[in-house]
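In the two assemblies presented below, subunit A is common to both, partnered first by subunit B and then by subunit C.
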Partner chain A sequence: MTTFAALVFVRLLLAFSPIPDFLADNHQLTSPLTSFTRLNEGVFLLKNGFDPYAGELVRHSPAQLVIFSTILPPSKPLFHLIWTLVDALAAWSLSSVWSARNKQRNARREALIQASYLLNPYLVAPSLALSTSTLDNALCILTIYFASKGRPGKALLTLALLTQSSLYSGLLLFPISLLLRYGPESRLANPKAVSDWSKLLRYLAQYAAFMAALALWSTLVMGNLRWIKETWGATLTVPDLTPNVGLWWYFFTEMFDHFRNFFLMVFTALNIIGVVPLTLKFQHDPLYAVYLVIGNVAIFKSYQTMADPGLFLSFLSIFPEVWSYLRHPLPTVMWHLYAATLLPLFNNLWLGQGTGNSNFFYAATLVFGVANGAAFLDSVWAGLTVPYGEIKQDHSLIQI
Partner chain B sequence: MAKERLLLKPLKDGKIAAHFEFDYLDAEAVPRDPRTLGERDVAQHFDSFPLSLGQILREYAVAEMHLTLNSGRWQYDTWGYPQSPAVASGAELWVWMADGGEKSIEERWSGLSNALAGLFCASLSALPTSRTTSPRYAFRPEGQLPFYPFDEPSAAGTNKTQDGLDYVLRHAILPSENICTENLTPFIKLLPCKSYAGIAELLNPHKLFGGWWYGVGVHATWNNEIKNVDKSTSQAGVRLQLTVGAVLDGSAVHQDSKQWSFRSLFDREIQRTCAVTGPGEVQIRQPSESGGSDTIVLSPAPANRIVRPSTRNREQEIWDVIFVGEHGLRLTATSPISLNSDSSSIGETPLSIKRSLRGYDQTRGGFAISITNRLYHTVDAWYVESIPWIIKPYLSSLRVVSVQYLDASSGSGTSVPLQIDPSILDLSHMNYIPPAPGLNARTTPALLEIPIYLPPRSTIHISLEFEKMFLKYTEHPPDAQRGWDLPGGVLIPVDDERRLGLPRMYTPPLLADLATPDFSMPYNVIILSGALIALLFGMTFNMLTRRFVLVKP
Partner chain C sequence: MSNSRQSDVVPPPPHQRILLVLIIVISRMLAQDGGVQFIKTKEAVVTKIWSPPCHGYEPFVRACSVSYYLFMLFVAWTPGGKNESKASSRTNQVLVIQTIGPFLYAHHVTGSITGYRTVKRLGIPDSNIILMLADDVSCNARNKFPATVYSNNRRSLDLYGENIEVDYRGYEVTVENFLRLLTGRVDPSVPRSKRLLTDERSNIFVYMTGHGGAEFLKFQDNEEISAFDIADAFEQMWQKKRYHEIFFMIDTCQANTMYSKFYSPNILATGSSEIGESSYSYVNDADIGVAVIDRYTHLVLSFLEGINKTSQATMQELRQFDAYDFNHMRSHAGIRTDLFARNPSEVLLTDFFGGVTQTEVVDLTTELSLTSDIASVSETNGTRMQPSSVRSFDHQWEKVERQAHLQAWQGWVGSMALCIMLVIGYLSFN
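Right after this comes the complex of A and B.
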């Protein structure tokens, strides 16, 4: 508990240091969907009677705009405090998910997990930049926490809330339903097929009801349906080509106009296509399936920021049983270090100094893609090879 | 009825501002009712009114139209107010049209701009889609708008005077379209005597387009009653005013006097009068009161003198009038050089506005707008900014940064940062019109109309930040690295009951530097990104579908 308090205190110190001033609107940390400046603009427009979505600048969900225009006044110190508390809540929930998985409490292990979340630079930096991805990540962990505790109502409501601001998170519904049905216990070592799928339809219906209610509420609050096009529509069609660390922006900047729609479908399919195979393959351990789906989306989503792979990497801390099965953890770390150094450097060379061009930054995003892919593939590999235990000297594990 | 005149005004910096006006009246005519657009038009008696322009106005049922094509920046600080306020750099077109009938406003607006583009050889075809805004408060009609009553009074038709067609305004400004000879030639063709007679003889493109600032204007207005403006009677009907303006060098200095003439300014002289318009008149502005030491001596001697008395905001104006005689006019003007007269009040405008860009990177930028009010009372004004779609303003960043008082700490002129009066910017009455939902937001501009209350004797500094868009590689113009022209902002003092009579002012256009992708990369990006995706997808697929077995070699 003291470690946790110390971690939150350090996080709070960082928030009130001069560092956040350098991070605001950084293309690595915030995207048009999560930028604090745009949230602030949306709140301003809403308060002054303009349609916040009309200018095609604001792409935050109506829920976020309404919360920050009514309940919480947008002032930076208050926001930093809220963001820190949300981070603390997420870290605490993450460690609780570990306790639920292992049916035990271990202060040292939990402190380690909390530290992995609160000290992860991919998560701290966006949070200091007041990116709303911090809120999305916290909602994601809360969903998993509620699902691990076997509370379908709360879990599905949180997931529906999360889907409002981050459309791809809706893909978590399938593994989350399994998690609700079978619990978070670690069964990686002895995979067994799941027999009963009956409850899944009920969860799906419940989630759809929450989604419909939230969509209806958003429409009533906003007065029209424009928010769908500007929030979810933007996620799927990338009208705003502001650079980010993902694979979409440069591809669709350079794409020929007549192929654009086709490749939008391909890129969206990349996110969706992994969900069912990953969940089915890991149906014996749905929590691990949730983890892998988060990883898959973090690589292929549009408007990716560092917070997306950050969540995936911090999640690895609750699966200590797979650590020893990772094939290439060191190269993955090196790739990440390499990309994390080059990304801000090349972004500044291109857009700030004007001495580099867009290809510099694009190359760095490719390296970042390789790093994320390496981490994801290694996690899949480790999850699949846990049942075979430690390989004896004269044996080898192959795929046929 | 036709009339022509030339106004010449010596400027503070020794240059001469020339302003040609050609006035035509389609007497007793009324702009066409848009509901009759499908039918055959009634016969018009255009007289000396240019036929091609008159037909365009009828074809699109235009009630009032203003088109200007200008080049260069009008320097308010040294040149004072221009004779005609329409000095926006580039092309500006604004039109009042009644809304009704089969043809939609958008059809007529786009048809009109294309017709004008054809008539004046100007690239106005980009106006309807990418530059059009409809200000709510700015650009009020300068003439009157005809009232078209509904045929049958509607059910609630008790208030009949209000029961007519509505009017809409379309305004577009294209900063990168500059005027040149190919625009002047069709313009001269509209004149009844072309450039063979009358003051139009002086329209020498070589001299005009060598000026510091030059432009042409076409203004069509309608008046229904006889008005007495400037002691010149204007009749009812559609009035067309064609103007040419230029700021020219031409003063030759001889010892203690400087001299300029038609020959030195235009390299031409007036040889004959235009029979259609009758003798034109040339007016020359005298710098100060009559009998002053710096009075301009004119040859031939002026026939008449017009004195416009000073008002609260404008000093007295004295204009000498010379009529173009039967054998033309060869004007020479001589004035003494007075070294201490450069602080004369000619030129200092009561208001002044400056706009500049802030920020050096290609992601964010900002406008820094400074507006000075030199008067001793508060001035209400609208600041109008037509924002092209390539930048997105953050309205939440709009604020008054500081207020400097002109009279404070005399001499140094430094500011006294007093508490900023929050009522200077009235955000609650601000009009922000983002692109309408039906229109393509990737081309349509946004419109910002900000009400400003300028405190007396002070300069206010306003800041507005914006996000620069990242464009697809096909959306960049061929010279992508040059940047994008941002049209000038417009400051419009409100004509309240105090009748300030201050004309609107334009700021020069700015160049926004947008980030560019590498234009040679499309195939490379598809290959590289595609390779990475294939690698990740393939390896995942491989791991998920194939079975693991332990083997002993």
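Right after this comes the complex of A and C.
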């Protein structure tokens, strides 16, 4: 507990230091969907009676716009405080998920998990830049927390709220449903097929009802249906090609219009196509499936920021049984270090000094993608090899 | 030129032939151009002599024989004519095209630039003039007085001066560019200053000068435009309503053949010499070494020196003047009026050469107040403003303001509703 307080204090110190001024509007930390500047713009427009979705600038969800235009006005000190508290809530939820998984409380391990979330640079930097991806991550972890505690209503309501601002998180429905059904206990070592798929449709219906209610509320508040096209539509059709650390933007800048729809389908499919196989493969341990789906989406989502892989990496801290089965943790860490060095460097070369061009930055994002991919694939492998225990010397594990 | 053109050229009598050969040979030997080609065979010499005289010849020879004029087209700005509507915004455009490069043909350039100055003096702005010069005579290495262009051998007035705007220079002067300019089929990247921005009320004065022959005009040293091409271009312009009237003036050898093929309406054409005749230069400058202006252009422009913007001088008076007098010109200048709707005696020179705008003074006093009943306009001439449009604007503004309040109110209601929804959801659902 004291560690947690200390961590939160450190985060508060960071938030109120001059560091955030350097990180604001950094397009590696924020995207058009999560940018604080655009949120300010949307709040201003809403307050002055204009439709914030009339132009193509504001991509935040109506819930965020409405809350921040009335209850929580966007002043920087207030936002830094809120963001730090939200991060603290997320860290606490993550450690609670672990304790739900572990059935035993281990204060040291919980402190470690909270530290891995609160001190993860991939998560600290976007939070200091006041990117709303912090809120999305917190809602994601809260969903998992409620699901781990066996609270379907709360979990699905949180998931519906999360889907309002981050469309791809709706893909978590399938693994979350399994998690609700079968609990978060670690069954990686004993994979057994799931026998009963009965209650899942009920969860789907509940989720759909929550989504409909929130969509109805959004439409009523905004007065028209434009928000769908500007928020979810932007996620799916990528009209705004602002550079970010993801894989989509460069590809779509250089693509001919003739092929645009095809590649939109391909890139979206890369997200969707992993959900069912991963969930079915890890049906014995749905929490791990949730973790892997988060990793899959984090690599291939349309407006990726550093916060998405950050969540994935911090999430690994609640699966210690898997760590010894990771095949290449060191290269993964090195790749991440490499990418984390190159990304700001090439960004500065391209946009700061002007001696580089966008290819430099795109190469760095590719390295980042490789690093994330390595982490993801290694997690998949480790999760699959846990049942086989330690490999004896001169033996190796192969897949037929 | 190809041998087929020989039939158009009438060979001089034998004694003149020998004299011409001597003159040509000697001048070529003395030529600074170094383009002397001693033709070896008799046929070749004969070919050289008898080929149309619009090829590069030394100024010495030219003074004896031919001067080549390609007139640039000047598009003239006409003031509101008597028959025009009050609101005529007739644009007068001037195209001045000089088509041959080498310094040798400085007299073309001089003629063009003199014409350019005249037309500017008479009121046409640079935005309405397109000047195409195939060579930069003023900065040519052979120009002993760099950055200057003189039109007489006393070098009394530098025409190049401080304020000249050449739109197409050097190698940009090509047949393709000229035709694209006329027809308007230019690349989107071509700037406005290089486009012919005319409409169906524009009077265009086109002046071309250079080396020409029977129904052709030479561009640079490697291409030519035919009378048919220009006629078709003018027809395209007519179809696309790109001109109201064209005054076409051309100063080359056998210039009148160039306008013989026009078939579009409202074209008044004039040239400096008949078929089989050459056009001559006017005077040489011994220091520069080339002729400095052509006869026809010089005489026309001398006449224009005498008029100003308010002149009521007509085309008919131009015809009667020295420019159309064989004794001055040594060639028969011609005029073609059958395509032109008006009588030349009714056509003012300033209809094409001048840029006089018409202004109308209206006595109008208006009081504007920012209330709904805004149209309390008192005037002697002019229309009365409609107040109903202003009233509806006020209503629209009120509607926007009311909507703004509604949205802000919705904001608080919406956020409260969301919070209540979430609280109820979290508390009631398990």
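Heads up, the rule we're going with is that the second predicted complex is superposed on the first by the 399 of 400 C-alpha atoms of A that agree within 3 Å, B and C clash if a C-alpha of one lies under 4 Å from a C-alpha of the other, contacts with A are read in each partner's own complex, and residues count from 1 in each chain.
Rule of thumb we're sticking to: a residue touches a chain if its C-beta (ideal position, glycine included) is under 8 Å from a C-beta of that chain, and two chains touch if they have at least 3 such contacts.
It should be emphasised that the depicted structure is a prediction, and the values quoted were computed from it without experimental measurement.
Aligning the two structures on subunit A places subunit B and subunit C in clashing positions.
Shared-chain residue A:N357: touches subunit B; no touch with subunit C.
Touch criterion not met for A:L112: it reaches neither subunit B nor subunit C. When the two structures are aligned on the shared chain, A:F256 is found in touch with subunit B, with no touch to subunit C.
Look at A:I19: by the touch rule set out above, it reaches neither subunit B nor subunit C. Of the two partner chains, subunit B is the only one touched by A:G55; subunit C is not.
Once the two complexes are laid over each other on the shared chain, residue contacts for A:V86 go to neither subunit B nor subunit C.
In the superposition on chain A, A:V66 makes contact with subunit C only, not with subunit B. Once chain A of one complex is fitted onto chain A of the other, the partner contacts of A:V10 are absent, as it touches neither subunit B nor subunit C.
With both complexes placed on chain A, subunit A has more residues touched by B than by the other of subunit B and subunit C.
In the superposed model, A:L377 lies in contact with subunit B only, and not with subunit C.
Across the options 224-232, 386-394, 404-412 or 458-466, subunit B meets subunit C in a clash only at 224-232, per the superposition defined above. Looking at subunit A, you'll find residues 48, 50 touch subunit B in one structure and subunit C in the other. Of all the residues in subunit C, the ones that touch subunit A in their complex are 400, 403-408, 410-412, 414-415, 417-419, 421-422, 425-426, 428-430. On subunit A, the positions that touch subunit B within their shared complex are 25, 27, 37, 40-41, 43-45, 48, 50-51, 54-57, 226, 239-243, 247, 249-257, 270, 273-274, 277-278, 281, 296, 299-300, 350-352, 354, 357-359, 362, 366, 369-370, 373, 376-377, 380-381, 384-385, 388, 391, 394-400.
Here subunit A touches subunit C in the complex through residues 46-50, 62-63, 66-67, 69-71, 151-154, 156-157, 161, 210, 213, 217, 220-221, 223, going by the rule given at the top. Per the touch definition, subunit B reaches subunit A in the complex via residues 360-364, 392-396, 427-428, 430, 432, 434-435, 437, 441-442, 446, 467, 469-474, 515-518, 521-522, 525-526, 528-529, 532-533, 535-537, 539-553.
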